[in-house]
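Reviewing the structure listed below.
The letters A, B, C, D and E name the chains in turn, as written, and every chain counts its residues from 1.
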Amino acid sequence: EDVILTAVPHQTTAFAEVYNPFNQTSDVRSVRDFMFEQLVVFNRMQGGKPEYRLAESFDYSEDLTSVTFKIRDGVKWSDGETLDANDVYFTFNLIKEHPALDTRAIWDKLDSVELIDDHHVKVNYKEASTGLIFDVARLNTVPEHIWADVEDPVSFTNPNPVGSGPLTEIRRFTPQEYVQCRNPHYFQADDLDIDCMRFPQIATNDQTLTAAAKGELDWFGSFLPDIEKTYVAKDPENHKYWFPGGSLVIFNLNLNASEEGNKEAFNDVNFRRAFSMSMDRQAMVDIAGYGYPTINKYPSGLGRGYHAWNNPEADAQYGQYTEYNVEAAAALLDGAGYKDVDGDGFLDTPSGKPIQFDLIVPNGWTDWVNTVQLAVEGLNEAGINASVSTPEAANWTQQLLDGSYQAAINALVVGVTPHMAFDTFHSSKAMTSRFSVTGYTNERLDELLDGFFKTADADEQREIMDEIQMILSKDMPHIPVFNNPYWYQYNTARFEGFFSAENDYAVPTVHDGNPERILHLLSIKPKS
Amino acid sequence: MIKFFSIVMRNKKATAGMLIVLAYIALALAAPLITSHDPAKRVARPHQAPSVEHVMGSTRMGRDVYTQFVWGTRTSLMVGFSAGLIVTVIGTLIGVTAGYFGGVIDETLNFITNIALVIPQLPLLLVLAAFIGKSDPFMIAVIIGLTSWAWGARVTRSQTLTLRRREFVEASEQIGEPSRRIICIELIPNLLSIIGFNFIGSVVYTIITQATLEFLGLGDPLAVSWGNMLYNAQTSSAITVGAWWEMFAPCFAIVTIGIGLSLLNFGVDEISNPRLRTLGAINKAVKAQKKFDQTYKSAKGAAS
Amino acid sequence: MSFIIRRIMFYLVAFLVAATINFLLPRLMPGNPIDIMFASAGNTMPPEAKKALAETFGFVERPLIEEYFIYLKSVFTWDFGVSIKKYPLSVMDVLMQALPWTLFLAGTSVILAFCIGSLLGIYAAWKRGSGFDSVISPSALAVQSVPPLVIGIITLYVFGLVLKLLPTSYAYDPSIDPGFTWEYLSSVGYHALMPIGTLAFVSIGGYLITMRNNMIGQLGEEHVVMGHAKGLTDKRVRYNYAARNALLPSMTAFALSLGSVLGGSLIIEIVFNYPGLGNILFQGIIARDYPLIQGQLIIMTLAMLTANLLVDFIYIFLDPRLRKA
Amino acid sequence: MTDQPYLEVKGVSKTYTLKTIFSGSKQVKALQDISFKLGRGEALALVGESGSGKSTCGRAIAGMFDIDAGDILVNGKSITSARNSKEKRENARKVQMVFQDPFASLNPTHTVRHHLARPLLLHKRVPDGKSLEQEVIRTLEDVELDPSVMLDKYPHELSGGQRQRINLARALAVGAELIIADEPTSMLDVSIRRSILNLMNRLKKDRGITFLYITHDLATAHYLTENTAVMFGGRIVEYGPSDAIVRDPQHPYSQLLLSSVPNAHTRINADFEHARDFSKFADKVRKETAESTAGLKEIAAGRYVRAA
Amino acid sequence: MTQSERFLDVKDLKVDYMTLDGPFRAVKGVDLHINRGEVLGLAGESGCGKSTIAYALMRLHRPPAFIAGGDITVDGEDVLAFDEETLAQWRWSKVSLVFQSAMNALNPVLTIFEQFRDVYHRHTGKSTAEARARAVELMELVGIDPVRLDDYPHQLSGGMRQRVVLANALILEPQMIIMDEPTTALDVVVQREILQEIAGLQKKFGFSILFITHDLALMSQFADRIAIMLQGEIVEVNSAHEILHNPQHDYTKKLWDAMPSFEDAEGVA
């Protein structure tokens, strides 16, 4: 009798067979990590501790401009062929040749890749970095003996997948469900107690809830309204969830806003602080977010997930500005010279220009829309003429990217260290992606951000991070409100060993894009 | 107007429909007077069951359902009536013009109408609504209005064609009435019931479609409307968490206004369509005949 | 020009016009599909990779007219390109996967609704003014004016969630392998029960009312009275004399709804998570999957045109007056 | 007959093309080479079998469609010669049509006043509102209706005879000089037919209005008109003084038509064989008449017959 | 006249139409009889209730009409006492009906033969082949080529259709045929053809006819007796000869008066 774990890594209306690990849009989201493993997984919950997968270790060169991976010995592809450095080398070159496969754009920063021997691959950077490895090590190595003959690897559906991960065999595939089973040659077979994973097609949160409430799902992550009532209460013994903080939700105020009044206000730190103080973060978390997000009152936006990096100095000096206090916000504005000049009931800038802006939020992102509505309530109360606008997601992105927005809600992807989120303020990144659209630059900050990965010394990094936090807390270029939850629910009726708040070993979600899910899979065991 | 009401009152269904519609219109007009909250503001704890303070409970976002219901009526009626107006004006114009002038004009307009009829409506609406982006209720009304006139145009055209063959139109031409006047003075008054039918039908269709679009998340989430109430209820899984009132209110509203308008339409149709007009009398006649047959038979039975 | 040739011309031109609207729609609207594709994912896909992908999908900057001809060619060769959402599957593959389900779901329900609605309509007209008529006809009307959406939600809630009688999702039990087995077919039927029921339910009203009104018209016709005078049975008069003629206008509505079948079940498919075209279209719209949307609209238009053609033929078949001039 | 006829129809033809479903199109020759003259204040009856083109002929004269060939002169001027809309309207004014169905020719949504005031206004026959009212009343009196009760009635409140009078009144209000009456009494009750006929007769005699009277009914034709044209299959088969045609029809179809007019004084022949023979005979006449292409021949002064 | 000679006997027939303002009496207590083999003409102006009587005699009146009183006896049988099934069997086999306009009386979607067959089947239960034979016989009787049996009504001319209806009425050899303005829509030549046909058939088979028309001249050519109707009542019944030469009631006189005859000519010679 096979041990089958039911999981929902992705919502879709129908599955279609695509086992190409470079495909970003496929509905089959159990290809990466479970079918094709990465070189190294950096465990975010453990401060970026490397968990070696296909690589057994890596070494930087002295000047930090190259890194050499030692590929694990004795790893076999699911068809029995040996996996070695040749495959890794082949894969690096494959994505170099086909930029559409290079989804993390690593070849922008790579100079070359060298095959040292059957067990060693050396990756040469364009410049020194200790951060680039987070992207480089995520490479999903594919078998050279198969992919070398593939004509167009971009549109290749890889119908008979040969992989290196724990589950490589597609036992059953229908548009409504597929079952992915054990790799007969898995290198870590001893730690794998799951024979198969079953992936039912589920299209909406509602349907997830229906299935989950019936206890049909073992490992999934979905927004479930009133989770205590709708899910946990159905089987309090086994229905569990854990929502660690993830991506950082912020408000972007466009420092280059086209409206004079807005620009003047946004460029005034007092205004930004008053803005921040008008945010009822708790209500946002509780009402818009159903209590699931993690409130973020770090003036730098650091977030509880990186609390280990926290600089208490920043809290002490600027902590007041992330406390909800509309009177204080109003007083601050008043003191800075904001008055209602034109008598419309809202404040104008010290130079007498009207402040009026829409906070844009993508239509359909309900929790955000509600968050913005709460934000506007607070802002209006403080005398700021803000309103909500809900363009389509595409339009929202567009406005962010071309800088035509005034103010927006946005989220920053967080990485292994806080560096990733903060790096969006690096002047070189300005306006290159929707994450770096504030228009704030600071030379000292650039230096610090650059320096962070130039060193492998932990204390030095710590110092740099402290100063970064001070700068960001002081200037408050963006207004953090909360960290989105990592959506993660599980059911212990049939399995145990799930990560949880008590057993917080790694980010626990089953979603594609969470490399740590491989660690999670290996720790799940059937209940005896 | 008075005539219209007295006609409506002749038919029970129409009267019932009329009352419902009037009730909603009153609700929409009196919205500021009969609500004490801001429909878009948090005024209660999330998902409070109906109580004296919040007679229809509160939404997940802590808004007052009753207030949203009442203000939503405004939106729905506004959208329904404006789209209905657009549909009716375009449909009537095209239909009457095609039917009256005939020939190349008819062929052209009829062709356009037929094309508009074969282009799948709902999908097109969805695509348009999604692509236009911020589709506030008024925008939706315009989109629906501009894409849904074909049916009305077709019906109006065929009715105009019948009328056109009626001799009074030919007589008007004979005395030298200009076309414009013939259409407006001679034809349109005779088309009123069809136009009314088309209008009311479009209003129902629009209200339903708008709610559907909003339910699918293609509307403006900030608008206070029944469709958004549904959408919000759906995204907060109101039913699953037991907050049935959040879902119930918009469902009830859409269903009753739909029924009200349709009954009105049905009744007006029964009144204006001579074949359907006499249904009440028919029922009475059937009863009268039955009664006669019985007395006849019993009289005969007694006699023999 | 004979009628047939004129009709065929009409169909051709209508198709072209629809195809052109189809072509222009996405191009006139804002938003780039590739951006949308990654917007919500929070993915950090770099511009280079995006551009490379865009080219794969055929989003190459070209003069509009050139693009139009390429598009027209693709329409006539049934090659709508690659779906963005379901990349690397072709649009045709995606649609063909969903098409049978929608055909089954919507086709069955339209036919059901038509049959039940028409029969009830015939009976209501026959007994016009009676208790049956005065209850069923306004109710039909009421049902007709209730959005499918609301009925869908209510049935889903009552039968699926509260009573737990019927499945709330899928076209068949996912653990069953498709095939010509009793297990599979019965599962398909079981899963289709609620969506088909809902769809049929909402459209019965329309057919009932149309049929009833036509029928009342027919019942006043002299040939129907003659049927009675000839002493024919009520049944024969009802069906062969009155209903047969009253059916003609209803057939139009019927065939047209057969035509809109492919899009008509959209809401129901979404509510019941049914893997049909409507669901696909909706996902396509959200994802700005232009090739998919275009392919789908074309197919829907084509279905609509086919249905119109069907109406033409049904008319000729049912009404001998049209067979010859 | 005066020297210049008021109406002259010269070789008028009209063919309708019917579109069919499968095969190509079918042509109906509704009028073929129709010619006749009609003097001012006179009346001409068009009689003939159903579908022979009587109404088509009337409509052609009323200018309701374009004819394929020939010419129609009213008062010596071709009706197609109008160069601008004013002339056209003036032409249209002179020739008015009174239709068969008195109900269908009145707009159910308007009152009698509307129906009469519009033509008066359109043709500027009134200087102001007050004289308009007087003019409307006068017109009503012309057709022997009581203005005090009629003015604000709707068509459905009127009897058939009253409706037909309003139709006539409308034609008068326009200022018609030639009235084409297409079976104006066939939808009326027998008992009021006579009064409409009398009215028309009076209009003809007292007002000098010219009538083209289209009918099935030879007796009324005889009663109202000076001349009669018998039509069959889009052609005139016989033309001449009504009295002469009634008493002594020359063309076989005219004879057949006349012999078929019910006569209260002769019992119908209830012999089965006779019925069959009559039927055969009628078919023969119809067939021969249809096939013949001969032209009209004058057989006496003002009497024309087509060779059978 | 003995009772048994009376094929149809109607006493005090009252027919009402139910309107929204209450019942409206269209037939106000009519007494009427037709002897065997007799042609009774029923004349009167439009709306006086002629058709209403015709329908009521076969109980074909449909709501909002209803029979409010009276007796109808046909061949000694009480028609008003029949139950539905007896009534259906009785119709057409004893009394048939030729409608006002044959154009609309035939079912447009059935072939001529099918319309013969369904009535033949229903009443005799005989096979299609026998129905065919009978239909051919009847078509020949009314002078239409039997190959037209497989045509649809719209493919026949108005006169032919009227004859088909007539043939249809004869199929079960009824003892009476009610004819409601059987020739109104036709031109005089065709009208005469049809009328002679009817007269011939009547002579041959000897059935009774209730002949309804508003054309008095036509009626006096054909009927044995004539009843004049005015607003739901019969105001005068007499032999055709008497009605023609010696009308009693004012209304009858007015009817005669209304028809210009050739003698009325005022035209120019």
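We adopt the following convention: contacts are C-beta pairs under 8 Å (C-beta built on N, C-alpha and C of every residue); 3 or more make two chains touch, one makes a residue touch a chain.
In UniProt terms the chains read B, C = ABC transporter permease; D = ATP-binding cassette domain-containing protein; E = ABC transporter ATP-binding protein.
Predicted model, so just to flag it, every value in this text is computed and none were measured.
> For chain A and chain B (ABC transporter permease), what is the smallest step count along a path of chains that touch one another?
Minimum step count, chain A to chain B (ABC transporter permease): 1.
> So which one's got more C-beta contacts, B-C or B-E?
B-C
> Considering only mean CA positions as chain centres, point out the chain farthest from chain D.
A
> What's the distance between the Cα centroids of chain A and chain D, rounded to whole Å?
Using C-alpha averages as centres, the distance is 89 Å.
> How many angstrom lie between the CA centroids of chain C (ABC transporter permease) and chain E, rounded to a whole number?
Those two chain centres are 51 Å apart.
> Measuring centre to centre with CA averages, how many angstrom lie between chain B (ABC transporter permease) and chain D?
48
> Indicate the whole-number Å distance between the mean C-alpha point of chain A and the mean C-alpha point of chain C (ABC transporter permease).
Centre-to-centre distance between chain A and chain C (ABC transporter permease): 41 Å.
> Which chain C (ABC transporter permease) residues touch at least two other chains?
30-31, 129, 161, 270, 286, 288, 323-324
> Residues of chain B (ABC transporter permease) that touch two or more other chains: which are they?
Residues 130, 133, 218, 234, 240, 280-283, 286 of chain B (ABC transporter permease) touch two or more partner chains.
> Tell me, which parts of chain C (ABC transporter permease) touch chain A in their complex?
30-32, 35-49, 51-53, 55-56, 82, 84-89, 93-94, 97-98, 160-161, 168-172, 174-175, 177-178, 270, 273, 275, 279-280, 283, 286, 288
> Looking at the complex, which residues from chain E come into contact with chain D?
The touching residues are 45-47, 143, 158, 186-193, 195-197, 199-204, 214-218, 220-222, 244, 254-255, 257-262, 264-269.
> Name, in rising order, each residue of chain E that touches chain B (ABC transporter permease) in their complex.
16-20, 23, 63-69, 78, 80-81
> Please give the residue numbers of chain B (ABC transporter permease) that touch chain A in the complex, ascending.
40-42, 46-47, 60-62, 130, 133-134, 217-218, 220-222, 232, 234-237, 240-242
> Within their complex, state which residues of chain B (ABC transporter permease) touch chain E.
It comes out as residues 10, 278, 280-286, 288-289, 292-293, 296-297, 300.
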